[in-house]
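Next up, some structures in structure tokens.
Next, two complexes with subunit A in common: one pairs it with subunit B, the other with subunit C.
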Partner chain A sequence: MTKQLLKGNVAIAEAAVRAGLEAYFGYPITPQTELLEHLSARMPELGRVFLQAESEVAAINMLYGALSTGARAMTSSSSPGFSLMQEGLSYIAASDIPGVVVDVMRGGPGLGNILPSQGDYFQVTRSAGHGDYRPIVLAPASVQEAIDFTVLAFDLAEQYRHLVIIALDGLIGQMMEPAELPPMRDINTHRPDWALTGAEGRPKRMISSLYLQAEAQEAVNRRTQARLKIISENETRWIEYMTDDADYLLVGYGSAGRIAYSAVQSARRDGLKVGLLRPQTLWPFPSERLHELAGQVRGCLVVEMNAGQMLDDVRLAVNGRVAVDFFGRMGGIVPMPDEILGAIQQMQHERI
Partner chain B sequence: MASDQIHKAIVFAGFGGQGIMFIGQLLAYAAMDHGYHVTWIPSYGPEMRGGTANCFVVVSSDPIGAPVAAYPDVALIFNRPSFDKFEPLVRDGGLLVVNSSLVEQQTAREALDVVRVPATKIASAVGSERLTNAVLLGAMLTVEPILPITAINAALQAHMPAHRRDALAANIDALERGSQHVRKQNPELLNSLSI
Partner chain C sequence: MTADIKCDDMTITYQRPDAFTDAHTHYCPGCTHGVAHRLLAEALDELNLREKTILVAPVGCAVFIADYFELDGCIAAHGRAPAMATGIKRVQPDKVVVTYQGDGDLASIGAAEVMHAAVRGENITIVFINNAIYGMTGGQMAPTSIIGQKTTSSPQGRSVVQSGHPIQMSELLAGLAGSAYVVRRSLHDAANIRKAKKAILTALKVQQAGLGFSLVELLSTCPTNWGLSPMDSLAWVKTHMLPIYPVGDFKVADGVKEVMRDGVRSNS
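Then we have the complex of A and B:
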């Protein structure tokens, strides 16, 4: 395969097709719409299901139904539309069925604007929807990662029978970069032993998220927590850049993470020993590694396109070992490497 | 393939309809085919306000972090509002390529290299005002030869959608006319370039 110049949104859509996506349900919203647009042509061409729902509430519940049959299915949206999906996300998670949902984050709160943001960090990492669980959250920082994480999302979802959210900011969705698509996989027609396939000739199966007895509900909660523990032990992913000798550590994901990478290069040219940790999974979060690195640096600087959300997770991980500062831009403004460099210099000045 | 060490942030700015997005993508395709790292992003920030359309292309011999730059290395200015917006932002020592058919304004900044090309007029002579974008790109690559113009021609051949292929020859012509204009004004470039 050779590299193609691909837009992030289109790349995710085509990667999903090649990963064996059988059904897509969605509703258009900027800056995510190219994803839906690509699938509106590709899925019918392949004889697969593309359905533009009447709303995001409908789309997520259509997804719930399709997933219950054991099919590879997904939906996608952007922040306000993703909010509308919260109830369905929680039901899917509580039903122990594998699901993939893409959130191309835009400025908020409210309708906000169509510009890139990372304002949904709390929403995606704490528990998408109500209840007491965490979805797996993948945060790509390039078009290639967006492709790779789409394929990974389906595999992780099925391996753990768990909800996976691909959370990217609008910049990654709108950007074109050379990237390589995976080969076309056959659709997996095998249906797992929990799937609703019609009970003729076998005992009935049931998918539900309703447990009226406290003991039964707690047993489900315990099972979920046990699964989350296994996931956090095995699926925490991150990238490090020049952390070996770093005096200061930048922490950023998605676009903020790749812009922080440029800031590290500028800082190094100025003789400042700066490194970067870029979480690829926002949940599970690379807390242990951060705690370790906090023991060898003089300060951490968290960079986000929000008012400071992952900042909480970094502070929990660092647990007071070293000062944690924050640099963020909001409202759809993309931070520039020079601004981040300025924040590093200020931190160095204040924390000598 | 790409052996030279380069890192250039280039902004293309003009009205919607002037082919800003396409010409940026064309440079991105050529850079990719040449083996460089490249990113392209459409006007996707507060700069969307004020009637300008723009896109950012970063071409680099190394993996690219920021796909944007506060102070771009090169700006291709298609109209007056874009001049007002980006002329102050191009970094010192950077290059300003101005469509002088629509922009009379002169820069007061001495630290900039400035190339003024009557691109819309040249494009009309080639066949259509819509080729303004190719004229300006040809001019830019003649002063700032990060890729040979032949690489752009090859990218046009390889990536132009089927329904636009009738415009292929005119685009190649427009790129060359933009380059010629710059070489005529700056004869010293004739010797240093292998176009």
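Then we have the complex of A and C:
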């Protein structure tokens, strides 16, 4: 395969098609809409299901229905629409069925704007819905990674029978980059042994998230927690850049992580030993590695396109071993490498 | 164990439909949810649909319905059964998909989902239980509660100024082009129950024939939250509900009459 110039949203849509997406349900919202538009043409062309739902509430519950049949299915939205999906996400997670949902984050709160943001970090990592669970959260920093994570999302969802959220800021969704799409996979027509396919010649099956007895509910929650533990042991992903000899560590994901990468290069040119840790999974979070690195550096600087949300996770991981500072821009403003460099220099000043 | 009972000259006149499990239902004495379940189970048996039907339960008193049916089943979020059913049906168009929803579920929180399922002519069947109240949560006002009806959230009686008029879902849905079969029946006496059964059979046949959206609204009782005896509840349906919610066929699209007359190929 060769590289082609692709917009992030389109790349995710096409990667999902090639990963064997059988059904898509969605509702238009900027900066996610190209994803829905691409699938509105591609899915029918391939004889697959595309449906523009009447709302995000309907879309997530249509997804719940399609997932209940064991089909590879997905929905996508952007922040306000993602908020509307919370109840459905929780039902899907509670039913132990695999599901993939894309959130192309925009400026908020409220109607906010259509510019890039990472303001949904709390929402996607803390549960994405009510109750007591966490989804797997993948945070791509390039169009290529968005493609790769889309394929990975389906595989992880099915392997663990768990909810996977691809959380990207609007910049990744909107920008065009050369990237390589995966080969076309066949649709997996095999249906797992929990899928609702009609009880033909077999006992009936139920997909439910209702456990009225406290003991039963707790047992289910314990099972979920056990699964989350296995996931966090096996699926924590991150990228490191120049951390070996780093005196200062930048931590950023998505576009902020990528801009921080440029800041590391500028800092190194200025003789400052700066490294970067870019989480690729926001949950599970690379806490252990951060804790280790915190023992080696003189300070950490968290860079986000919000008021400091992953900052909490970094502080928990670092656990006081070293000072953790923050640099963030909000409202759809993308931080510049120079600004980050300035923040590093200031930190260096204060923490000699 | 009872082999010594002589039963040669006995014929079975009543038995549990195959579509039922042997679980005991949790409904209150005199509640007609049970009657509606029975009608649906008999209709599924008669059309030989048990092994190809997926049942979508609501949130409401019928949240456990899938436990009572020997079918694949699931429980949708409150009001979202038509959306969940849409997801199931679009992926498996050869299966029969049925939702069973109360009036809080369908006419209030889920009004958008049912409306748009009908707009799309979604080829699913809905059994809609109108008991003019929120049963499960303890008798609050529903959008179907009648003017003056006292509930735990309208202690002075439902007022038009405060809460508007009762919503007539069947009439509303019948106006949408995607609706193939939309009718209202009542469960307050035997003759009406027989007609309700026929309507459910027709709705399922409509789905089998791929004609589009079908919905059977059933006027049902909630003795517990109405504060009436089971018998008085049946009378209340007749005296208080029927005038606002008349039984009738509100939409019978082209092709439905043929289905009613000829039936459908059972494996279509």
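Everything below uses one rule, namely that the second predicted complex is superposed on the first by the 352 of 352 C-alpha atoms of A that agree within 3 Å, B and C clash if a C-alpha of one lies under 4 Å from a C-alpha of the other, contacts with A are read in each partner's own complex, and residues count from 1 in each chain.
One rule holds in what follows: a contact is a pair of C-beta atoms (placed from the backbone, for glycine too) under 8 Å apart; a residue touches a chain by one contact, two chains touch by 3 or more.
Keep in mind that what you see is a predicted model, and the values were worked out from it rather than measured.
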Legend entry - Touched partner set for A:Asn319, first subunit B, second subunit C, both or neither: neither
Legend entry - subunit B versus subunit C as contact partner of A:Pro178, first or second or both or neither: first
Inset, instruction - Between subunit B and subunit C, pick out the one touching the greater number of residues of subunit A. - result: C
Legend entry - Touching partner for A:Ser209 - first (subunit B), second (subunit C), both, neither: second
Inset, instruction - Return first, second, both or neither, reflecting whether A:Ser55 touches subunit B, subunit C, both chains, or no partner chain. - result: second
Inset, instruction - Mind working out whether A:Ala71 is in touch with subunit B, subunit C, both or neither, as first, second, both or neither? - result: second
Inset, instruction - Have a look at where A:Ala260 lands relative to subunit B and subunit C in the superposition and call it first, second, both or neither. - result: first
Inset, instruction - Go through the superposed model and pick first if A:Gln225 touches only subunit B, second if only subunit C, both, or neither. - result: neither
Inset, instruction - Mind working out whether A:Met336 is in touch with subunit B, subunit C, both or neither, as first, second, both or neither? - result: first
Inset, instruction - Could you pull out which subunit C residues touch subunit A in their complex? - result: 21, 50-54, 56, 63, 66-67, 69-77, 80, 83-92, 95-96, 112-113, 115-116, 119
Inset, instruction - Spell out the part of subunit A that touches subunit C in their complex, as residue ranges. - result: 22-23, 25, 49, 51, 53-55, 57-59, 61-69, 71, 73, 87-88, 91, 95, 196-201, 204-210
Inset, instruction - Can you check the complex and tell me which residues of subunit A touch subunit B? - result: 3, 5, 31, 115-116, 170-171, 174-178, 255, 258-265, 332-334, 336-339
Legend entry - In the complex, subunit B residues that touch subunit A: 25, 28-29, 32, 37-42, 44-46, 64-71, 159
